[in-house]
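Both complexes below contain subunit A, partnered by subunit B and then by subunit C.
== the complex of A and B ==
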């Protein structure tokens, strides 16, 4: 059997799957941000005619999956697997969305790293010949995440400047064994790295070392350097994490300043929309990648992208028990050219 | 990254985080907290003027302020005041009302028993437990010092 492994943690896909279409649905605040024209559906309110925010998030996933099918002119029966995840306990948004859709389902939890985690697994399955079409979908919702991780919405509190705003958004990618690209060519899987941060209002700093680790490993395994990419995009490090990542990469001899950006710094106008250190949540890299970035790839403004969604793998219970916040980051290398 | 020195990293990150705007926070806490207390005094004076005793006027003022805090929480205004005022809005009794009404509203979807009633005190609960607990301890000490010894 052909060995597709490169170095320690990277896989070179031989039959690179194509991302044939994407769909995005975002909330009103995201729709008011700088990327508004790239989203398929912008909700007028964050309930979307549902009784609860959780039900709204479920509907967002369901509708995003249906929308990507419609856009690609495919039906549920033609999809082999659905990989999806979200932030809620027992990933209910994904599971309840999958309940409505007749596609074999793998539920994932990688916190906010779930978008690139699902793309990694989907791409490997297609490359291995186990599937032809796979949907990868991820969502988060500000109001469902707030009540699970922080305070009730109407409770008056002041958010620290390092805190980030959970994106209300969902993105779905449709991967296929055939198609005109963009293609997923390499997958570098992240290790859990815990830098000892216990401040839940500073997740960027908790996740940045994991992103550094994965990006450096990707360079080592593939022999690429930052100049080989048009863009290296992390998930939701925000202002603090972004600056930390650049510092550490620089100290390791990699100058990322020309190609590096973070989805959490793109979706909102941080100052005007008062989101402090930027955006976070599974839906952050999901909606930025499947909306804005996919469009940039399609129009060839970006030809080669390293998407590194970043996740903080804590829960409110682990925080109360004094645990620090472990971070994770998965990288997928996406290009308009096949391997 | 496996070799990262956690202590040094924490120190380095601390310098990266923008400092809270203490002066501005203190200013607004003083203004808003002061306004809420002044409003309380106005209400007390009004009740006294209407003929209430000092004790009744005090209780009636607390009830009125709690009502106002709950009302402003219900119509979605109190969290906006708190964002600006911080402790100035959290410490007065109106903030206490906010901390109970907010979870009660939030968990309405989970039902009246395990939602509203069970979750109502998730923020105010510790204040009640330790507030009442402390008052019992202080009361006992007072009793022992004045009567018991």
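== the complex of A and C ==
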């Protein structure tokens, strides 16, 4: 059998899984931001006629999955697997959405790296001939995350400037063995990297070293350099993490300044919308990638993208027990041209 | 490319991924049960010199991964992926264990179905040529699960007879593209099935319909019947769920009584050890499969096994918000003979 492995941690996909369609649903604040025109559905409030924010987040995932099926003119019976996850304890948004939809379900937890984790696994299963169509989906919701990880919203806790604003948003990608692109060509899988940060209001810095590690490994494994990409896009490092990443990459001899951006710096107008260091959450890279970036790929404004969703793998229990915050980042290389 | 799909939800693995070694670590109560001789390490207490039960659970995963490497005479550099997950919020046992070990990490959440979820994905990635060696690992810990899902242990909450006892245990499997078996030959992936049960002390009944759905689909997709297996083994249905499963299967024309068993009914002496309806937890099927059952496969007392780990996909938040408990079950068909 052909060896599909390149270097230490990269897979070259030879059967070119194609992202044939996407769907995005975001909250009102995200809909008021600079990417508003790229989202399929913008909610008028953060409950969407549900009894709780958690039920709203579950509805967002369910409806995004149904929407991407409708857009691709496929039914759930034609989908082989659903890969999804979210930030909530026991990934209830994903699990309860999957309950409503009759698709074999692999639940993931990669914190905010889940979008590229799901694309990595989905692309490999299609490339290996195990599936024809796979949906990858993930979500986050400001109000469910805030009360689970931090404080009750009613408490009105003050936010330090390094803190980020969890995106209320969901994105779903439909991968297929047939289709005309954009194609997933390479997958570089992350290791858990812990820089020793224990400030839960500075997650960008906690995640940046994991993103650096994965991006550098991708370059080493493939022989690519930053100029080979039109865009290298991390998930949710925000202002602090973005600056940390550029500094470390520069010190390692890689100038990413011309091609690098972060989903967490694109979805909000940080100053006007008062989100401090930018956006975060599974739904951040999910809605930015499946909305704005997918549109840019389809219109050929971007031809080659390295998407590197980034996750912080702590919990409120681990923090209370004195643990630092480990990060992880998974890279998928997406192009309008087949391998 | 050869179509590896059989029927609606089953994969036939043609390159025969092999489970070349396993490791198990369990707590003192599990070590006092009928399977004691099959575990690699039995802890003397449930803290293992750590400051918290959560840190103990993380150490169990880390040490089980290190132990399976030692037993297989491999190093972490020779392992392509680690698939793991657990029951704790944000799967901290798995993520913090992965931090200690330099292996690319895919975090999973399938509740107590995680062992067969990880074996499913690991086997497909090896079969597809994406990896040579993969470790699949999962854990649970009675005391971490009890205080996260139910009540503080100090509260001394009374347990109804349908309740199950979360296993303190961890199991790790090392899958390889080479090796002399046992082989993973088929993978049938579960859908989320919700029978409408809202009693968190009756999870066996909540999960049984998902196990029925996956087992019946496996038979339909492959053409096998119960007699083709030496053993069909669910993860943690316990006394109530086991009886529900046998009843439903019988009503559908499948007599499983001769070959069916449940890990949750094997690890404890239910009466003597006062565990009511049996055992549960990710670590239940993980430690029973990687300990006792793997030994039975190697000694040829079992030649063909269908392992069906079962998960309940709720959280304490979803329960408080009035949701019922959905279940999921993933099946892997394991044999001493290649496909």
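The criterion applied here is as follows: the second predicted complex is superposed on the first by the 339 of 339 C-alpha atoms of A that agree within 3 Å, B and C clash if a C-alpha of one lies under 4 Å from a C-alpha of the other, contacts with A are read in each partner's own complex, and residues count from 1 in each chain.
Throughout what follows, a contact is a pair of C-beta atoms (placed from the backbone, for glycine too) under 8 Å apart; a residue touches a chain by one contact, two chains touch by 3 or more.
No experiment lies behind these values; they were computed from the predicted model shown.
In the superposed pair of complexes, A:92 makes contact with subunit C only, with no contact to subunit B. Using the contact criterion defined above for the overlaid structures, shared-chain residue A:51 touches subunit B and also reaches subunit C.
By the document's definition of touching, neither partner reaches A:34: not subunit B, not subunit C. Counted by residues of subunit A touched, the larger count belongs to C, out of subunit B and subunit C.
By the touch criterion stated above, A:110 is placed in contact with subunit C alone, subunit B being left untouched.
Contacts of A:160 after superposition on the shared chain: subunit B is touched, whereas subunit C is not. By the touch criterion defined above, A:209 lies against subunit B but remains apart from subunit C after alignment on the C-alpha atoms of chain A.
Of the two partner chains placed by the overlay, only subunit C lies in contact with A:80; subunit B stays clear of it. Legend: residue contacts after superposition of the two complexes on their common chain; A:318 is shown touching subunit C, with no touch to subunit B.
After overlaying the two complexes on the shared chain, residue contacts for A:102 are found with subunit C alone; subunit B is out of touch. Under the contact criterion defined above, the residues of subunit A that touch both subunit B in one complex and subunit C in the other are 51-52, 193. Those residues of subunit C that touch subunit A in the complex are listed here as 1-5, 9, 11, 15, 51-52, 54-55, 80-81, 85, 87-92, 95-96, 98-99, 102-111, 117, 120-121, 124-125, 127-131, 148, 189-194, 313-318, 321, 323, 326, 328.
Within the complex, the subunit A residues that touch subunit B are 51-52, 147, 151-162, 193, 195-197, 202, 205, 209-210, 212-213, 216, 240, 243-244. Residues 1-2, 4, 6-7, 9-10, 12-13, 16-20, 25, 73-74, 76, 78-83, 86, 89-90, 95, 98-99, 101-103, 105-107, 109, 122-123 of subunit B touch subunit A in their complex.
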